[in-house]
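After the structure tokens below, expect a handful of questions from me.
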Amino acid sequence: MQLNAGCELSFHAQTPTPLILMLRPRSGAGQWIIREEYQINPAVNVTEFTDMYGNLCQRVVAPEGPFSIHFSATVQTADIIDTAPGAPYTPVEELPDDVLHYTLPSRYCQSDQLGQLAAQITENVEPGYDQAEAIRKWIQESVKYQYGTSDASTSAVDTASSRVGVCRDFTHLGISLCRALNIPARMVVGYLYQLDPMDLHAWFEAYVDGRWFTFDATQVRPLGNRITVAYGRDAADVAFTTQFGAMTLDEMKVWVEAADTDSNESEKKSHDAPTLSSSVGSTNKTMN
Amino acid sequence: MQLNAGCELSFHAQTPTPLILMLRPRSGAGQWIIREEYQINPAVNVTEFTDMYGNLCQRVVAPEGPFSIHFSATVQTADIIDTAPGAPYTPVEELPDDVLHYTLPSRYCQSDQLGQLAAQITENVEPGYDQAEAIRKWIQESVKYQYGTSDASTSAVDTASSRVGVCRDFTHLGISLCRALNIPARMVVGYLYQLDPMDLHAWFEAYVDGRWFTFDATQVRPLGNRITVAYGRDAADVAFTTQFGAMTLDEMKVWVEAADTDSNESEKKSHDAPTLSSSVGSTNKTMN
Amino acid sequence: MQLNAGCELSFHAQTPTPLILMLRPRSGAGQWIIREEYQINPAVNVTEFTDMYGNLCQRVVAPEGPFSIHFSATVQTADIIDTAPGAPYTPVEELPDDVLHYTLPSRYCQSDQLGQLAAQITENVEPGYDQAEAIRKWIQESVKYQYGTSDASTSAVDTASSRVGVCRDFTHLGISLCRALNIPARMVVGYLYQLDPMDLHAWFEAYVDGRWFTFDATQVRPLGNRITVAYGRDAADVAFTTQFGAMTLDEMKVWVEAADTDSNESEKKSHDAPTLSSSVGSTNKTMN
Amino acid sequence: MQLNAGCELSFHAQTPTPLILMLRPRSGAGQWIIREEYQINPAVNVTEFTDMYGNLCQRVVAPEGPFSIHFSATVQTADIIDTAPGAPYTPVEELPDDVLHYTLPSRYCQSDQLGQLAAQITENVEPGYDQAEAIRKWIQESVKYQYGTSDASTSAVDTASSRVGVCRDFTHLGISLCRALNIPARMVVGYLYQLDPMDLHAWFEAYVDGRWFTFDATQVRPLGNRITVAYGRDAADVAFTTQFGAMTLDEMKVWVEAADTDSNESEKKSHDAPTLSSSVGSTNKTMN
């Protein structure tokens, strides 16, 4: 369906602060950006580059004082996500070259330490799609979703132990457990229609049977209508905002609406900065 | 300044026709895409990829019958283009690796055959920026701008001889003459504010003194407020549309307006397909 | 089989001359570099980069006076090249993104002007592999192989008319005719075992049935045991040496031998520079 | 100077085991590969690709039974590494796009957790080169070098606490402390002349004053004559060998000798597998 999605970020910078943003989705096989709007206030010089994963990144130096970003887009998305029970494991020797590094551990996904747990969860499960789905389901049932229980340093090993977290943590754990079985897995950040409560979201993709499949451990059923903003190994790669200095996020709004229905500004969900600190979004590189 | 620019292309396909489009500009150091809209009618599946020059390319198969594309954007552009009389030639051994291939001949820019002409034009001119400017000025004064005098197979050698052409031909000649002097040069296609008559446009960039400079041999004075859509070696790389089959372009509209003034649809310039055949835009790969 | 192959190039530079070399093959799916040796005399600083096609390029400034390069390698190659009569044409809409640009015309391959000839040659031939093979066979039978009949500016259109040339010309014509049928085609330069007379060699690959196939219009039968040094659109992309200044190639030796047999230096074939000027190898970018 | 360097790895695979190798150095600005030899026994099919950092990676499936690799090269290296006391910090907003990700935390370099330690070590030190050097010196003096004290899961946070480790650990700690100060830092693996005991080695580079500088926390003085094999964020990216299955490394030899002196096979240093487990080299991705 066609979605209107977007976010508004309101910052306050104590000093001029370099900022890397990942807010602009790209058109691709799974989605088409029909319309987009990207405004920065006050107007400052912005440059854009493509990172090693193909994500579009915007660089800006936020001046001292208030600084706000408004991004909105109308995107054609897929109503349903593909599922493929029984789809076979892709042996490592058959993985494409550029998928290989998604088998390796990363900052928040210490797959090298979660092999035993992965083996337990997938005991008697056929290698491939069913393993990834068993992992997703186990997380959905075993980890409690709760804002404020994790922070920017929380890793998959922490979540495997605490059994509580937010979408970012669910995702890191899912990725780590897949990689522990030599199933390539990557983090996706973006928007999900009818996410409740509305927020920027994170989920994961696992590579089986020669292609990527979508898994979301925060949801009971497979939901479509997702807008992908960025891919990466884990949250270190795909922060919506990475700031290098003392800047506070005062307010953040996120919305996803069906484009056909009358767009209604008043429906926009707002949540305040404290919840953001436990969401997928930001990396604070304040220098010590 | 902020520009509202865009184009509408109306095709009619005799059979389903694969099409590669280069219509979506990227934000970068020189421009910022504030808003964009990209519509295809009838709605068909579109994918997008980045080519080897970093341009965004859209792939689509136009179904039999009418097929139209509407692209519009609001872009922050630079009011003036940098000029640097006297800026020195960059020796080949100091060129960045990824600039080197812009010294080589290409389909429409047979720089290997235009060395003598380049030497004549730049006799007694200091190596570097002044050579590129001498070339630009010579073309502007020596080649007559006239629609319908060249076609998709016209190359720089042809134009050096005929002394007539359109922006695409001016650009190919400028590129070839620069490369003949070992000055890297590349083609740029996009929009130019106040171009008369309004059309999709082409110009070139030459690499001197360690950076790219803009040159436009169709204009008497250096004009800013340009929107870059794509870079490449020559028109073979940067066609706005490349079609693989029997499809006619029935109508094309192009507009560039100051965003601050009231946007006025009725001002949109329209020109019919015959002129397009001699403009920068399309490559027809109809199979024989 | 295992091949010992290499070349020795002896230059004399009138002034310090920037030089780009493409002499180092890469290990890949089709070949494995067991051993290699790359010597430059006198020893000067060399840097290496990967171009946009993935080829390794070496940059050096040849000092005034004699300058020589010795490259040799032991390479595991495939004894036979795959052939696939009847393999189907890959429709443009199914081509991988990074193969698409091999359908476009380039400096020496004006495929946009050879559509009629391509249609004639492949009349009544099934689309796909058989078309590429019909083109290869037609060139092999219709174009006379003769040193000294073409030079660095000779293009496919020239050869289609003159019906005489060397491997480079055969290759450009083959590529152009394939592209005229919307079959992606690319130039390959490298070594061929038992080539007679021994020289650096060029051939082409055509993309049908979802992969690249090797075609060599200079040979009666399909011959294996090839070492690929570089890929590109045409000779502008894959010159073994590209020089930017006044430098003469005084002598050039090329050899390819079975590694199992005793390597015999005295067997090395030598040919003098005039023949090189009509072979695949060099681009002279002497500034005017 | 010219170095002869290489390694021999002898494995035994219980089952056919996919293996990714990073053993082939690339010629570049800092080093020139004059000669190389890469043998695999028994001979099996090998492919090679370039990873996202530009490193050459070899893929192979080791058959059941003994499997050995012999790599040797003659490389021209720089005798001394550049040092630049007082060279200024490069502000984040001035970092090249492709350097930015080296400011982020990674699997073994949790820079987000080591800010306080970095601030302590560099108190009253000028931002830039001197900070990186203070970090290097602090590690060299504060962390004890001892084989067998760490393993493949040991991270910078662990080493900051234990104060003991091998070159890999020294490197991870150095990288993390630099990144905590927003100085981009990356891991380098390769060979070091006169390393004692001889082994495959790891060190780090920090980006200050617009370029990369070499730092080696395992050495008292800055030593040149290094051969770089691969770059990456940390050991997860640059393992010499990454195996996906049950395979033991039975023996490993590493050597680095001056090429001018007579090469003497008997001088080759040998050390057994247990030490390898604590060195930079291998990642074991045995599936659970």
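Assorted remarks:
Order of writing sets the chain letters: A, B, C and D. Residues in each chain are counted from 1.
In the analysis below, a contact is a pair of C-beta atoms (placed from the backbone, for glycine too) under 8 Å apart; a residue touches a chain by one contact, two chains touch by 3 or more.
A quick note: this is a predicted structure, and the numbers were derived from the prediction, not measured.
The chain with its CA mean position farthest from that of subunit C is A. Interface comparison, A-B against B-C: more C-beta pairs in contact at B-C. The distance from the centre of subunit A to the centre of subunit C, with each centre set as the mean of the Cα atoms, comes to 46 Å. Computed centre separation for the pair subunit A/subunit B is 37 angstrom, with centres defined by C-alpha atoms.
The mean-CA centres of subunit B and subunit C are about 31 angstrom from one another, to the nearest whole unit. In subunit C, the positions touching at least two other chains are 49.
Two chains count as a pair here when they touch; such pairs are A-B, A-D, B-C, C-D. Against subunit B, the residues of subunit A that register as touching in their complex are 24, 26-29, 32-39, 43, 46-48, 50, 54, 56, 58, 76. Touching subunit A in their complex are the following residues of subunit D: 18, 20, 49, 51-52, 57, 59, 61, 91-93, 97-98, 100-101, 103-107, 109-110, 112-113, 115-116, 118-119, 152-153, 180-182, 236-237, 242, 244, 283, 285, 287-288.
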